[in-house]
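Below you'll find the structures, each written out as structure tokens.
Both of the next two complexes hold chain A, though its partner changes from chain B to chain C.
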Partner chain A sequence: MKRGILIIEKLKIIKSNIRLLLGVIIISVIVSLGLLASYITWYQPLMAMEGPPYQPPSLQHPFGTDDLGGDIYTNVIYGIRTSLFVGVLSAVIAMVIGIMIGTLAGYYGGFIDDLLMRIVDMAFIIPQFLLALLIATILGPNIYNITLAIGVTSWPGIARMTRAMILSIKQLTFIEAARVIGLSDTRIIFSELLPNALPPIIPYIALQASSNVLVEAGLGFLGVSDPNVPSLGMLLNDAQQHILMNAWWMSLFPGIFLSLMILGFNLLGDGLIEYMNPRLRRAS
Partner chain B sequence: MRTSISNKKFLITLISITVILILSLETSYYLVYGETVQPRYGGVLVVGIPSEPPNLVLTGAPTWVYYQVVTPICNSLIDFDPNTLEWVPDLAESWNITVTPDGKMLVIFHLIKNAMWHDGYPFTSADVKYSYEVIGPKFNSFIAGMWKYLEGIETPDNYTVIFKFNTTWGLILYPGYFGGAGTCISPKHLYEGTDIVNNPYNLKPVGTGPFKFAEWVKGQYIKLVRNDHYWKKGLPYLDAIIFKIIPSSSAMALALQKGEIDFVWNYGLTMSDAVALEKMIKEGKLPNLKVWFFPSPGGSIDFLGFNLHPDGPAPLKDVRVRKAIAMAINRTAIAELVYYGKVEPLSKIVPNVPATAMFMPTAKQPDYNPDEANKLLDEAGYKRGPDGIRFRLRLTIDATSYPWYVQEAQLIRDFLKQVGIDVQIITLDTAAWHQTVFRNWDFDMSIFPFVEGPGPAYFIQYFTKRGIVRASWSNAMGFDDPRADEYLFAAEKEINKTKQIELVKKALDIITEDQPGVWLVSRTFIAALNTAFSDELQPGVWENGWGTAYMRPEKIFLKTLPVTTPITTTTPTPTTTSPTITVSTPTPTTTTTSTPPKITTPVPTTPAAPTLSTEAIIAIGVVILVVIIGASLYLVRRRK
Partner chain C sequence: MVSGFKMFIIRRIILYTALFFSVIIVTFLLIHLAPGDPTYILAGQVTDPEFIKAVRHRFGLDKPLYEQLIIYIENVLRGDLGYSYFRSEPVTKLILERLPATFLLVLTSMFIASLIGVLLGTLAAAKRGVVDSIISILSLLGISIPYFWLGQLMLIIFSMDLGWFPTGGMISLTTTYTGIYYYLDVLYHLVLPATTLAIFNIAYITRVTRGSVLETMSQDFIITARAKGLPERRVIFRHALRNALIPVVTFIGFNTGVLLVGAIVTETIFAWPGMGSLLYSSLQLRDYPVLLGIFIYGALIVITINLIVDILYGLLDPRIKRE
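This part shows the complex of A and B:
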């Protein structure tokens, strides 16, 4: 009887954190695929002529071959690496920029707040994808420029959120106390404000990463990708260019893994938010 | 008895022989003259083009999309026979090329007398003189270049033009100067005294051709309508031609499938989409479409050019390295994988197509031999490092105009990887590629879609010292071999075609040995046509598009229409028979005396650009107001 109740309790806990759990599982699987890429593939990435072109999936080529006879499975696995790299790094860049601007606006208030928030508003209006496309095309399509382009166009939401967090914490007495003692602004920001404001924002890195992975794939689909690096978006572009050849495997597999990645990051982000805010949790 | 039987036999044999003779005469007549083809009047041909020409100047800058739109509107002095590339009459009914004792050259054209501009003005020699003196040099690099050798143009009367050259310049025998490619004549009366570059007629041209410019909706389509006063009697047959702008190849292929467009000429369809269409046609899914591949009219090829300037990459300065790269690349694989086997992998400097076959030299490029390549590279002193790499090179390509170059570059990268050369692919858009490669010379290798013919002009432009200028479509490689230069410049001055060809061949032998790059594959052109349209009266009209009569669809007609009377109009100028155009059109039989019914193929409905009418704006405003009021009411209620 007791055992039964224990199990039910455990299941309840799992159920109430199901999102987080799923997200962690999916992302860990994907990350391990990316890390173990060289061990689980038997061809070189981006090599053509590994087999006859337009072959459907087989044992030799689990995801089939593309228009140049390259192995799609190898390119998908290495493409996951690229997507992870670009998605996460650009999310971190966006985080850094957003947190900086949000903190400055929230802490100093007044004119600086107004100015920065108007800038954030303008940044919100400019369509992120188009701006990233523009920047990537101007700088030249290599992997670092693309990461940078996506990173510097996805920070507005985070800035607003950080500012809100800072504002709410600013009211609390211990901040006033720190000011009374005479701590410098920088000290207050870094040792009092941020450590309290940041934790709720961390999950948004995951959400931002999922959105950035999609943007990177979108850029690749439009042809703005680094041809020296395998990318899921580039694979989808190839599939679209040769769509009349009816090679369904060229778009299915990159699409599945892309969707999984986005799903995983979303679940991770949502799950973390839920986990850190018990009152938002659905009643189990 | 014997005589009566033999008489009968004799009669029978005689009759049967006569019958056989008559039958064979009939069949041979049939074979020689073919079915009598009845053209029909009417119909609209919708052509798909991938981009808009920048302008429609008749004596303008030759680019292929521009030709397609402009050639139906205009005429040049002469045209080129598609197979022999010899001159045939167009606006000039006869001509004379003479060399004076002091080495100068006179080219005399006798013009037809009954041609009229679309606005009613008569066509005269003054138009020719003005086009070549004023308009051409501003827009057309060929004509601008002509003036180096041209002393002057004289017009002794309204229908005679004399071009005086200061030397015997052999290049005029080829398209680009008196015919083909942007050499149409422009109307002097509409340009004289105006600002040529900003003249409004650059965007709504007036010509002498079978079709008149009607309308240009930017970004959507350009419409041409029938010229009822065309100087070639009875032509054209179509009522109108519409050029629909479809920027993406898959959208173009889809439009062909749905019948929204009738014709695509090479530009706008990728090889893979064309091959896919071909497959569908073979499977019987597209009964109204035909797709075919033909050798590029100008001898287009893909050329992997090396940067040979003094500040270019060091390994490429060694001819052994260049030969090794040629040996490392399997050109047949490129032809198979990127071009579905529809193109010719190049073993020599020129492809075996009408435009360039005459210049085929004896020298050839090294065959595919990666082992030999590895040996040569070792010999040249570039040993493999611990990671297997000898040295790195960049491969810069125009991925916007030639998206399949990305795949070609990937294949080249793989081939060179196998001999220890690491290649970094740099994809640029068209403008950036021209700037980086042709003007800044900032590249190691690049894939150049060079057109190598017809005529020696292209070899001069790409492979001699004279071509080393910082301009688009020049000798970006910086390649210069004085021995080849000598032969090519001599060929330029030679008007005897046979002697000219010999000189060019010698130059090409030398250039092949020097290997300033790898001549990869020739290019095949694609055409897709709705089978309801017939080109039986103008065979080869689509294959031989050196931008002249062969892309002037004046004899194309829509087979599905009934045969009717032509729209007869009285021409104001006195009618003189236009000579020597071999018109095999039989006179259309009159079935009714009433005016022919205007049967037009459905004009593609161009989607109107979404505009917000005032009502829409008001409606949206009302909705927003209601939402805001409702939300605030709700929030207020909740607060309570």
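This part shows the complex of A and C:
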């Protein structure tokens, strides 16, 4: 009987690992494509007249050519690099801001907590995408401003989660003990609270990256993208503008890789969260 | 006695009013965030000195910052969001003209998505096993595939290739329909954009419903209902689902902003004449007054829908009313 339960437990862990495994595989492939972009492509990104315009996929142009005769395969591979850069970096920015604000609110409580949580409330009323779009447009849409705009608009969920985590750990006896022996607030936060609060939160960076990649592509789709760097959203915008040419390859290939990237980050995030929070394993 | 429910609603209204004011302040900050003169953000890329002078005066840009803020708030509350230079029309008028089309799209797709999403989520939670796995995988795919790409593919396949549906717009331009045929024509144009938006939302609602029903099913009153010998179908639909719907309604409320943005982006694919096409063309022209206006109206819509959700919430869950 006990043995049976053990086996079932193990199978469940493997089942959650399958998601993790798939996520790791997909993201590794995507990251390799992005990193090796200049070695695995044979045209210049964003260059016109690499071939005749609107050519369907062929050996020279595996993903076809666009309205200006640019090679879509090259643009897609370089676009992956851009989406990864913006998605991951903006997720890191969101993580840092969210953890900082959540920790301050949870640890100090009272007025600081109230103030910070009202800001978080506000973020649920303001459509994040529109705010990122406005900030990026007003600052000027280059890749850094877009990253910044997405990063500073996507932290509230993380802040909320961190605050809840800090609140529950704050009540434990070892924090009490740290206070009694007179450790400073900074010391308690950095060497007692955060090391215990962060591990369950860190995996959410993958989910944040997944949603930030989607936001970046959405901005690009609406034409808010760095004109000097190819991005998957920009390619989909191109496809939209020339949709009546019925050049399905202009839309199909950027979209497949975009979906794969988002799926990969979702699997990675779900898998990591289950892996690091064993309590969830039983619930699912 | 003022019931707890009434107090609850009043407190929400106060909170939302405060939040709306902070949204206006954020917008004000955005205007001043821009490099260069904020006049250009309020007036568009205008060179006419007379017009610039008028805008500077109307928004008090020659006064100190805090006075500007007060003037700006007054203007927004009066519905004066500036003037679109490129269209030579007030921003509020431009947005209100396009609001009904956006609402039609949002509500239709929300209706379809809630219906199918709740059904699939309940099914996955009740059956478990293979059905659950299939539904879970499909919903994971659903949230991973960007809806604007999905819309593009549907447009290419169903309009361009198969010719089943129009390629865009809200009504046929070649023939003028009247009466019932007019509505049927709109419905016909609505199919692809509404489906695109619905698929994206179905995936989310399925996931939330599944989790919520699963949690409810393990509670005592379900065990009681089963012990009474009620048929399983009745246990699920009459007992579990009603309680499981509360988180689903909350979820929809919380994600109104996402839904609205989804609709706006979907509109640009199908040339649906709502706020989306206005946003897109204003982006191309850097028509800042219109962009800021869409932002403020977006927040206002999210607030309104959240208030409605709060009221629904009270109706669905009698515990809140009694509190």
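Criterion: the second predicted complex is superposed on the first by the 266 of 284 C-alpha atoms of A that agree within 3 Å, B and C clash if a C-alpha of one lies under 4 Å from a C-alpha of the other, contacts with A are read in each partner's own complex, and residues count from 1 in each chain.
In this section, a contact is a pair of C-beta atoms (placed from the backbone, for glycine too) under 8 Å apart; a residue touches a chain by one contact, two chains touch by 3 or more.
This one's a predicted model, so the numbers in the text were calculated from it and none came from an experiment.
Superposition of the two complexes onto chain A shows a clash between chain B and chain C.
With both structures placed on the common chain, the touch criterion links A:Thr137 to chain B and to chain C.
After overlaying the two complexes on the shared chain, residue contacts for A:Asp121 are found with chain C alone; chain B is out of touch. In the superposed model, A:Ile201 makes contact with neither chain B nor chain C. By the touch criterion defined above, A:Pro227 reaches chain B but does not reach chain C.
In the superposed pair of complexes, A:Leu46 makes contact with chain B only, with no contact to chain C. Looking at the superposition, the partner that touches the larger set of chain A residues, chain B or chain C, turns out to be C.
When the shared chain is aligned, chain C comes close enough to touch A:Asn266, but chain B does not. Residue contacts after overlaying the shared chain place A:Leu258 against chain C, while chain B stays out of touching range.
With both structures placed on the common chain, the touch criterion links A:Gln240 to chain B and to chain C. Applying the stated touch rule to the two superposed structures, the overlap between the chain B and chain C interfaces on chain A comprises residues 137, 140, 223, 240, 243-244.
Of all the residues in chain A, the ones that touch chain B in their complex are 46-49, 53, 67-70, 137, 140-141, 223, 227-228, 240-245. In the complex of the two chains, the chain C residues touching chain A come out as 15-16, 18-20, 22-23, 26, 30, 33-35, 41, 140-141, 143-146, 148-149, 152-153, 155-156, 160-161, 167, 214, 254, 257-258, 260-261, 265, 268-269, 279-280, 283-284, 286, 288, 291-292, 294-295, 298-299, 302-303, 306. For chain B in complex with chain A, the touching residues are 249-250, 253, 270, 272-273, 275-277, 279-280, 333, 337-338, 399, 403, 406-407, 409-411, 413-414, 417, 424-429. Only residues 118, 121-122, 124-131, 133-135, 137-140, 210, 214, 217-218, 221-224, 236, 239-240, 243-244, 246, 248, 251-252, 254-255, 258-259, 262-263, 266-267, 283 of chain A touch chain C when the two sit together in their complex.
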